[in-house]
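Got a structure here, written out as C-alpha cells. Questions coming.
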Amino acid sequence: MIVCVAVVGQQNNPLYIQSFTNGDDTLKFHYIVHCSLDVIDEKVSNPKKLGVSLNETFLGLLYPTEDYKVFGYLSNTKIKFILVTTDQDLRDADVRNIFRRFHAAYVDAASNPFHVPGKRITSPAFAERVSSIVKSFGAAPVP
Amino acid sequence: MPPNSRPGDAVFASVDRVNAELFTLTYGAIVRQLLTDFEEVDEVNKQLDTMGYNIGIRLIDDFLAKANITRCSDFRETAETIVKVGFKMFLGVTGTVANWNTDNTECSLILDDNPLVDFVELPETCQGLYYCNILCGVIRGALEMVSMRTEVKFVKDVLRGDDVFEIRLKLLEQVPEEYPYKDDE
Amino acid sequence: MDQYPEELRTPPMPLVALVGMPELHSAISLSLHTEQLPLNTLAIPDISKISIIGGKEKKPVDARMPPPVGILKADWLAKHRTRSPAVLAVLLSCEQVYGDPAQWLQVCSNIDMIKGVIRGRNIKLVLAVVQPSVVGEMNEDRLTALRKRAEIDAKNCLTFITHDPGELKRSLLRLGNVMGELASMYYRDEGRRVKLRIEKRAYSSTELSVRYNFKVAVYAEFRRDWVTALKFYETAYSLLQEVITAHMDLQPVQRIVELKAVAEQLHFKISTLLLHSGKESEAVKWFRQHIVWYKRLVGPPEGAFLHWAWVCKQFQVFAELLDNSLATASPVTAGTPSPGPPVTDRELQPGYYLQIAASYMVLRRRCFESAFATFEAFEEEGAVDVLAGPREEIGPPLYVGQAPRLLKRGSTVDLQSPTEAEFMRHVIAVEKNFAHTNAAIDLLTRAHEHFKKIQAFRMIYQLGSEMGREYFNAREYEKAKRLFDSVAEMYRKESWVSILGATLGYLRECARQLGLLQEYIEYALELASLPIPATFGPDGQHTVISGPEVGPAGPLGQFQREQVHREVIGLLQGATSVLPAREGETGMAVTAEQPVALEIDLVSPLRICLSAYVAFHEQIVKPGVKTTLTLSLLTHLPLSLRLLELEVHFSQPQCSFILRSSGYAVPENRLSNGQGEPSESIPIRNDDDLELQPSKWKRFTVDILPEQSGKLECLAVVARVGPVATIRCQVEGPATQNGIFLWMYEPGLDTSPVKDSSLAYFGQKILQVEEAEPLVHVELSASGPALVGETFPVRILVTSKGHPVIGGELDVYLGAPNPAPAATPRSTSPVASSTGPGSAEILRAGAERDSKPYLKFVGPLQVPPLDPDEEWTTTVYVRWSEPKAVNLMVLLGYQTKENLISDLAGSPSPRLRVQKSLCLLSEESLDISYQYVAPFRRDSLLAGGLASEQTKPTIALPLDEASIFVVTVKNSSSLKVNLHSIDVVERDVEVCSVRKAGTRGDIGSVRLSPDEVFTQLFHVRPLVASSAVDIGAIEISWSREQTVGNANSSPDIPVGISQGFADPITRHFNLSPVLVESPPLTVTFDCPPYAFLGLPFMCSMNIQNTTTSLQEVSFSVFDTQSFIFSGAHSDTLSILPKSTYALSYKLVPIAAGMQQLPQVRFTSTRYNAGFQPSSLSTQLFIYPSSHGVDPQKMKQPALGNPGIPLVS
Amino acid sequence: MLQAPGGAVGSSTRMRCMYMFNRQGVCLHYHVWLRPVSVLSRQEDQKLMFGLLFSLKLFTAKMDPVGGSKGQLGAAQLQGQGCSFHSFQTNTYKLSFMETPTGLKIVLVTDSKMSDLREALKYIYSNIYVEYVVKNPLYTPDTPFKCELFNQNLDNYVKTLS
Amino acid sequence: MAREVAESCIDSINLELVHTYATRLHPTKPELAARRIEAIGFQVGLQLAERYTKERPRFGDHLEAIKFICKDFWAEVFKKQIDNLKTNHRGVFVLQDNRFRWLTRFSLDAPTSGNGTSSSEANQANSARASQAAGQYLYFPCGLIRGALTNFGVPCAVSAEVSALPACSFIVRIKG
Amino acid sequence: MASIYNLFVINKSGGLIFYKDYGSTGRLDTNDSLRLASLWHSMHAISIQLSPTPGCTGMEVLEADTFDLHCFQSLTGTKLFVASEPGAPGITALLKTIYELYADYVLKNPFYEVEMPIRCELFEYNLLQAIRREKYSVGGR
C-alpha cells in the first residue's frame, strides 16, 4: 500500500507531501522523499547507465529503504512525483498508472488560477483526488 | 424566445470554437493579476464588471448577427434569449430563467456550470470575490446596447459553496428611441 | 568483517605436508605456494614429529548418535587449513635408498610408521627420492621395493634432482603437479564421503545435514569448485532455516545467537562467492532475503540488542564485501534480468548498507539501554560475570556461535556451557563498554564517504543530521551543533521546511545547552517563522510533523510555532528567561548587561522573521525638496509582533528618523548604556501603531527632506523589540522583492511591498539628490582694451541669487585667450602659468598702509558670507608687459551652508562652483622712434661712420658738435593717450650732454589721438670721442585719456575703479650707443636765405681742416637747370692744417620757387672718403621778383636756425 | 468631392452610396460608389438622411394600417417597436434600409431598379460590419470608422449584387 | 471531448485585457502595462505547458521544446502551426506566423488619400501605426511562449515583431 | 384580392385636400391625417434632395413592413398617394385613373376652389367605382 505521496517542484521544494499512516512518523517520509531526489537527479543525469528508457516520465523504483519502496515520476515540466509504498513487489504498469492519474490531478490543480506555479499545493480538491487514488490502490490505514 | 432567432446549440455549432482551456486559464490569470494589483476584492469585482461591460457592448452585435435576432424589445423574451442562446453560443452552456418578480422587471439567470470556473478553487483570502463577475458586466453592456438599462449581479456562486450560479437581472428602464437633433425639424 | 577469523574470510587453500630432508622444505613449499593452484605446505622437519598431523580417525556415523550440541565445530575449518594435510610427501635421500641395507631398513620402518599415521585419514602419500649429485646409480628394483612398501603407484613416487638448477626446477614442478592432483583427489574423496552420508541420511538431526553440506561446500572450495561450493552452502543455509523453523518455540538467547552466527557464516560464504563471480545483483537479492528472513528472529526482549547488533553486522559486512568487489570488479550494471524486484542503483552502493547498519546500531543502543535498565533493576547483589573469569578457567567455544565454556565446571559440554543468566550478565557487561554512538557515527561517516563519491548530497545531509542526533544523544553539543548548522543551511537552500524545522529544534536546544543566548534567540525566531502550519494536506489530523526525528522541538505545527514565538518574544522583551540547561543553574535572559542586537542582512535566514523594503516615490529630487518614502515591513512570525521603536537609517544621517510606538516610554538608562545609540539627535515621530501582523505588510509612508546632493540610500531599519533587544534589518528595494525564501513557496497571492503597482516595479531604495543649482551670479567687467604697462582694473561682482554664500573663495588667474581651457579650474594653477611668464600679471590694490599701491595676486580671495541677494565686489588689476590677449578666469567656490554637521559625518557639504572668464586684449600704447640729425648746413666727414658704412650703419656723431636728436612718439593704441613728458636722461653728463631743444621746457600734457604723432627735439653734444657712447634713455610718461563713459569701451567702467587709470605710467626707452669722433674735415655751407629770379648772389663752402696735417680735398659740382653759375666744376685743393678754405660761387637763379642748388661732392683723398651736404640743406627759395622784398635782408647771411620743430 | 477613396473602382455600377448611423444619429460610415449629384455638404446630407429615415419610421409607424392602436404621431418608440420600412424608390434611385436592435441603421442607395436588398443588408451587417469593424481591436465602439478590411470586403461583396 | 467555447470569447477577453491595462489602468506607463499583460500570458503559458505535455515523454533539449511550441502548442492555441522557424544556433529562435490569428481582424482606417498624399507613403504610415498598435496585443502571446518554455526549463526572453499584418514573428532568446 | 387602405390627396403646398379611409385598423383622425400628409410632403421633398443622380422627382413607392405606399405627383405639384397591402399590383395605374377622376370631377367642378379641400360626391363616387373596377377590396363599407 501507499504510505506517502509527494509532489516536488522544479526547485526541488516540496509542493505537496502527504503520508497515509496513522503513526506519528510523518517526518521520516520527508527524509525519504527528499533523499529520493538524489536518485532522480542521478537517473536524469545519466539515463542509459540506469537503464531508464530515455526521457520516459516514469522513473520506476528509485530505491528501497528497509521498510519501503520509493517510486519516481518526472514530468516534462520538471515536476517530480514520488510514491512511498510498503508492497514488496508491484507491477510497474500499476505504478505507472497511479502516477499518470496523480499527474493529471496535479495538472488540474496547477490550472487553478490561484495556484501560483512552484508554490505549495493546498487545494482540497487535489488532496481529495490524491487520497482517492491512493485508496483505489488499496491503501488502508495500518492497524 | 424572439421569432426566427436560431436555437442556441445550432448557433453554437455554427460559430468558430476553440478549446475552452485557453479561455478559462486566461480569464483566471487576469482575475489573479487584478487581485495582486488591487488588493481589495470589491475593487476587483468592480474591475471585472467594467471589463465585462466593455466586452458586452461589442459582443452584442456579434450575438445579434450570429443568432439572427432582428428585434428585442421585450424584456422577458430577452432574458430567455440570453440564457438559452447567449450562454450557449458563447460558453457552450445553457441555463434557465427563474424567479420573475410580479411586474416582470426582475429575474434570475441560473447556470449550474460554466467554463470560467473549471479548475478554480477560491482561496480563503478571496472571500467576497465574485469570480465570474465579468458575466454581469457583459450582460449589462449588451443589454444597454439594445436600450435596456439594467442592474446585474451575482447572488449565488458555486465557488462560494452555493449549488448554482445565480445572476440577478433587474431592468431599470427601457430607453425609447428619439430624434437626437433637437435643433431642426 | 575483519572481526571474522582468517580461515573464514579467505578462500581455503589445499594443505600438504612434507617430511624428511628439511633443508629442501623451504624451496619446495615456496614452489608449491606458487603453483597455478597454490598449495599451503605443512613442513615436518623429521619423521618423529609426524604425529602433529591433525584430524581423528574417521569412524562411520550411525543414527543412534545423539544430536550434536552444536552445528559447526568451531575449529573445523582451521584444522583443515592448518593441520590436516591432503597429501604427505616423504623426501628420502638417494643414499638412504641405495645405501647399505641398514639404512634401507630404517626407511622401510619409517614408511610403515607414516602409513600408520595417514591410514584412515586417507591422506595421500608421495615419495620423492632426492638425488643431490650425478653420482650414484639408480637401482630400479630398490625403487619398486620402496613403492611396494609404501603401497603407492609409480607416478606418486618420483626422483628429485637437486644438483642442477634446471633439473631442480623440473623436479619441483613434477612434485607440485603430483601433489596438486593428489590434493584435489583427496578433497574430492572427502567430499564424496560426506555427500554419501547426506544421501544416506544416516543421521538423526538436520543440524548435522547443515554441517555436512557445509563441509562438502568447503571441500569443494578447496578444489576451487565454486559452483558446487555455492550450491552446498545454499543448501546448508536453507537447511539451517529448517532447523530454526523446526523449533521456533522460545529459544534461549544462546541458542538463537548460535543459529544466527551459523547463518551469518553461511551467508557470508554465499555472498562472497557470488560477489567473486561478479554476480552483484544476485548477491544483493540473497542479502535482501537473508535480512528479511532473519530480521524477525529477535528472540527474547532482554536479548534484543544482540539481535540488532547481529543485523547491524550483517549490513556492515555486506557493505564491506560489496565495497571490495566493486573495487575489483568492473562497473556494475543494474537491472540484469533476474527474478524478483530489480536491484536499484542504490542497493549496489556500500553506503546504502552502511547507513542502514548505522540505523540498526542506533536501535541496538536503544534496546540495550532499556534492557540494561531492567537488568539493573532485577540484578541480585554481588553477582559476578563468571565468563569474565581468568583465562585458564575459560575455554573457547566448541561450536560456532556458542558461548565460551567454564572449564572448571566439569568435563562435558553441557556442564561447561554457561547458564542463560550468566550468559546475559556477561553480554550486558560486554555491551556496557561498547561505544554505540561512536560505532554509529563511524558507520555514518563511512556511508558519508561512499555517498560523496556519487554526489548524493541530500543523502549526505541526511547522514549529517543522523550523526548530529547521535552526538546530541551523547550530549556532545558542540559537535552536534556544528553538524546541524551545516545541515540546516542545506535544508534552507532546498526549502524543506519540515526537516529544517526539526534541525532548528535541535540547534535551539544545543544553543540552550551551550548557553549561547543570541543564537538561541535566532534559532527560536527562525523556527517560529517557518511556514510549517500547512506543510501537510489540509485535513486536520496532519497539521503537525511528528516522528522520532523531530527532536527536542517536539512535533512541528502551528501550535508549537506559537509557543516558540511567545517564549522567544517574552525573552526579548526581558519578561522571561530560558529554562536552565541543568538544575540549579539560572537560565539565560536578556538584560541591560546582556543586551541583544540581532543583524538581519539580505541573505540572513532570519529575513522570514523580519524583512524591510523601501521605495522612494521619486528617483531624483533637488536638495531641500520634500519627497516621500514608503517603508514596508513583513514578519512571518505566527503571532503579531509589537515594536517599541523603529529606527530608519539613511546614508545621509540627518535623514534618519525613529518611529516610536506612542505607548513606549524610553527608560532613563538608555542613554547611559553603550548600546547602538548613535542618535539621540535623530528626529522622533510618534506612531501609535507599530504592531506587525503575521504575514501582512506593514506599510509606513513618511516624508524625507534630503539636503545634501549625491545619493541618498536607505540602509537599514532597527526594530526595537524589547528595551534592550533590537533587530537591525537591511532594506531592499521593492523591485528586488520576489518572495521571501521559504515563504515564497507558500500559497496565497503575494502582494508587493508597496501598493502602487508602478512603485512596486520602479521604486528604488536609493534616491538621487541633485547638485544644488549655484544660485550665484559672478560678473566681470573691464573697459575696452588695456594698454601695455598700465594696471588695468577688472571688476568682479558676486551677487547671491537665492541662497547664502558661505566660505566663498574667489580664485583669479589668467589663461590662454579663448577658446578658454575646458579643463576644470583646479587643473590650471592660478596666475596663469599657461600664458608666457611676465607677459601679463595679476595685481591687487595694496592696502593703504602698504608701501606699494599694487601687490602681486597670490591665492584666492576670501568672499565674505553673503545672504541671499546680497552682493560683493572687488577689483583685480592686470598689467601687461607686452601686447597680448589673455583670458582672465574667475572661479568662485562656496557652500550654501555651514559645514559643521556634515564634516562630522565625514562628507563635507559639496562646494558649489561658478566659473566666469573674460578675454582681455592689450595694446602697445605708444611706439617711439628717434633719429640724429647733423647741424644745419654743416657737415662733418666722419670716417668711422663711413668706414662702417658697408656693415650695419652705426650712428656716428661729431665730437663736441651739437647734433640734433629727434624723438617721435606715435599713439599706436586705439585710445586717446595723454603724453605727460618726454625726456632724455643722460647716462653721464661728462660724456655727453643732452638739452631739450625749444623754448618751452615741459610739453605739459599733450593728448594724442590714435595714430597721432608727437616729436620732441634735443641737442646732443658728445664730449668724449668714443666708439660707443651711451647717451642715456628716453623717458616717456603717459596715461590713458580719462573717458568717463565713452562709447567705445563696452562695459562702462564703474566710477569706483577709474582711479586705476589716473596715475601716469612712465616708460623708459634705452638709446643704443653711438659712435663719437672728431671730424677731420667740416664743411659749412653758406648762402643767403633766399634769392630773386635773375639776380646773382654768392654762396660759399668753407672747408675746415681740423687736423694738423695738410688735407687734399677734391670736389665736383653738378649743374642744375635752375641755376647758372661760373667757376670750376671740379678741382682738387689742398687745405693747410688748422685752416679753412672757402670755395665760393656766384649763381643766377633762372627758375623761381624752392630750387635745388648745385650739388657739391667732396672727397678727402686722405681718408679716401667722399661726402656731400644733404640735398635738403642745399635748397633755396627763389622769389620771382625782388619787388616787395627788403633787399637788406639779403646782406646778412642766414644760418640755419635749429630749434624749429620740423613737422613732417 | 464626395467621392470616397477607392469608391467606384470596379464595384457594381448600380451602387450609389451607403450610410451607417448609430442610434444617436452619428454617421459611423459613409461610402460612395457613384454620386454625381449632391446638393448639400456631407454633414448636411447625412443629417438630412438620418432625419428622413427617422421621419419615415414615424410615418410608417403611424400609418400602419394593420397594427392596432398606435400612439399619436411622433410618439417616442422603443427600439424595434412599431411598423418600420425597408425601402423606398424614386425615379432616380432606390433606398434600402435596415435597423438592428442596437439601433444601427444601414442605408444602401442604389439605382432605382435594384431588387430587394434585405438579405444583402443583413449580410453586410453580420459578415462585414461585425467581423471587421466590431471585432477590430483598434475600433472604439460607437465611433465613425473607415477600416480598410471593411472597405475591401464591402466592395467585394457589392460587386456580387445585381 | 474537451470543452469548447466560442472563439469570440477569447478574442473579446484578449481585446479587453489589453484595453484594461494599456488604456484604462496604466495609460501613462506603457511598459508597466506591457509587464502586466506579459505576466498574465506567462501564467497561462505555464499552465498550458503543464496541460499539453501531460502524456508525452520529456524533451531531450531546448530545440525539442521550441519545436513543440511551434507545432502542438500553436496548433492547440491558434489552430495552425508556426509557418517558419529560424535559429542562429546560438540560442536565438525566430518563430514566424504568416497569419497570426489574433491579428487577422486588425484593420486600420483606410488612408484618407485622394487629397494629395500618395497612397504608398500613406500605407507605410499605416503599417507603422499597425505594428505599433498590434504591439500591445502581442505581449500576451509573448508571455504565453515564455511561460511555456520556462516551464520546460528553457529560461528565455520573448519579443515580437509585426512585419505586415496579420503576419508577425516571435523572437525567443534563450538565457544563459 | 389585394386591399387598399386609404387615399391621400395633397396640394402643392402640402396641405391635405382629400383623405379617404378604406378600412385600415385603428383609423386615423383628421389631425393625424393632416400631419401625415404634410410629413409626407416634406419627406418627399427631402428624398429629392438626397438623390445621388440628377432629375429626381421624389418618392414613388415606399415599402413598409405592413404596407406599400404608392405616390403620384402631378405636374401641378398635387400629390396623390395610397397605402395598400404589400406587393399589391397595378397601384400606379390606379393612381393615374384617380388623377384623371380628380381632373374631371374636381377641377372641372365650377364650385371647387383650387387648393382647397375637396367636397364632391361625384368624385368620391367615381373614385370608389374605379377602385372596385380595378378589383381592389376596400375594407369596411
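By letter and in written order, the chains are A, B, C, D, E and F; residue numbering begins at 1 in each of them.
Here, contacts are C-beta pairs under 8 Å (C-beta built on N, C-alpha and C of every residue); 3 or more make two chains touch, one makes a residue touch a chain.
Chain identities (UniProt): A = Trafficking protein particle complex subunit 2-like protein; B, D, F = Trafficking protein particle complex subunit; E = Trafficking protein particle complex subunit 6B.
Quick caveat: nothing in here was measured; it's all calculated off a predicted structure.
Peer 1: Name, by label, each chain that touches both members of the pair chain B and chain F.
Peer 2: The shared contacts of chain B and chain F, listed by label, come to D.
Peer 1: For which chain is the distance between its Cα centroid and the global protein Cα centroid smallest?
Peer 2: The chain sitting closest to the overall C-alpha centre is E.
Peer 1: Count the C-beta pairs in contact for D-E and for A-C, then report the pair with the higher count.
Peer 2: A-C
Peer 1: Measuring centre to centre with C-alpha atoms, which chain is farthest from chain C?
Peer 2: In terms of C-alpha centroids, the chain at the greatest distance from chain C is F.
Peer 1: Starting from the mean Cα coordinates of chain B and chain D, work out the distance between those two points in Å.
Peer 2: Result: the chain centres lie 30 Å from each other.
Peer 1: How far is the middle of chain A from the middle of chain D, if each middle is the mean of its Cα atoms, in Å?
Peer 2: Those two chain centres are 66 Å apart.
Peer 1: Report the inter-centroid distance (CA atoms only) between chain A and chain E in whole Å.
Peer 2: 35
Peer 1: Which parts of chain C, given as residue numbers and ranges, touch two or more other chains?
Peer 2: In chain C, the residues touching two or more other chains are 747, 749-750, 757.
Peer 1: If a residue has to touch 2 or more other chains to count, which residues of chain D qualify?
Peer 2: Those would be 51, 55, 135.
Peer 1: Out of chain E, which residues touch more than one other chain, so two or more?
Peer 2: 8, 14-15, 36, 43, 47, 51
Peer 1: Please output the residues of chain A touching chain C within their complex, sorted ascending.
Peer 2: Residues 9, 11-19, 23-28, 30-31, 34-35, 37-39, 42, 49-51, 60-64, 66, 69, 88-89, 114-116, 118-122, 124, 127, 130-131 of chain A touch chain C in their complex.
Peer 1: What does chain D use to touch chain F in their complex?
Peer 2: 16-17, 34-40, 45, 48-49, 51-52, 55-56, 58-60, 62-70, 72-73, 83-93, 95, 109
Peer 1: Quick check: in the complex, which residue numbers of chain A touch chain E?
Peer 2: Touching chain E: residues 10, 54-57, 74-79, 100, 103-104, 106-107, 110-111, 113, 117 of chain A.
Peer 1: Which of the residues in chain A end up touching chain B in this complex?
Peer 2: 108-109, 111-114, 122-125
Peer 1: Per the contact definition, I'd like the list of chain E residues that touch chain A in the complex.
Peer 2: These residues of chain E touch chain A: 43, 46-47, 49-51, 53-60, 151-153.
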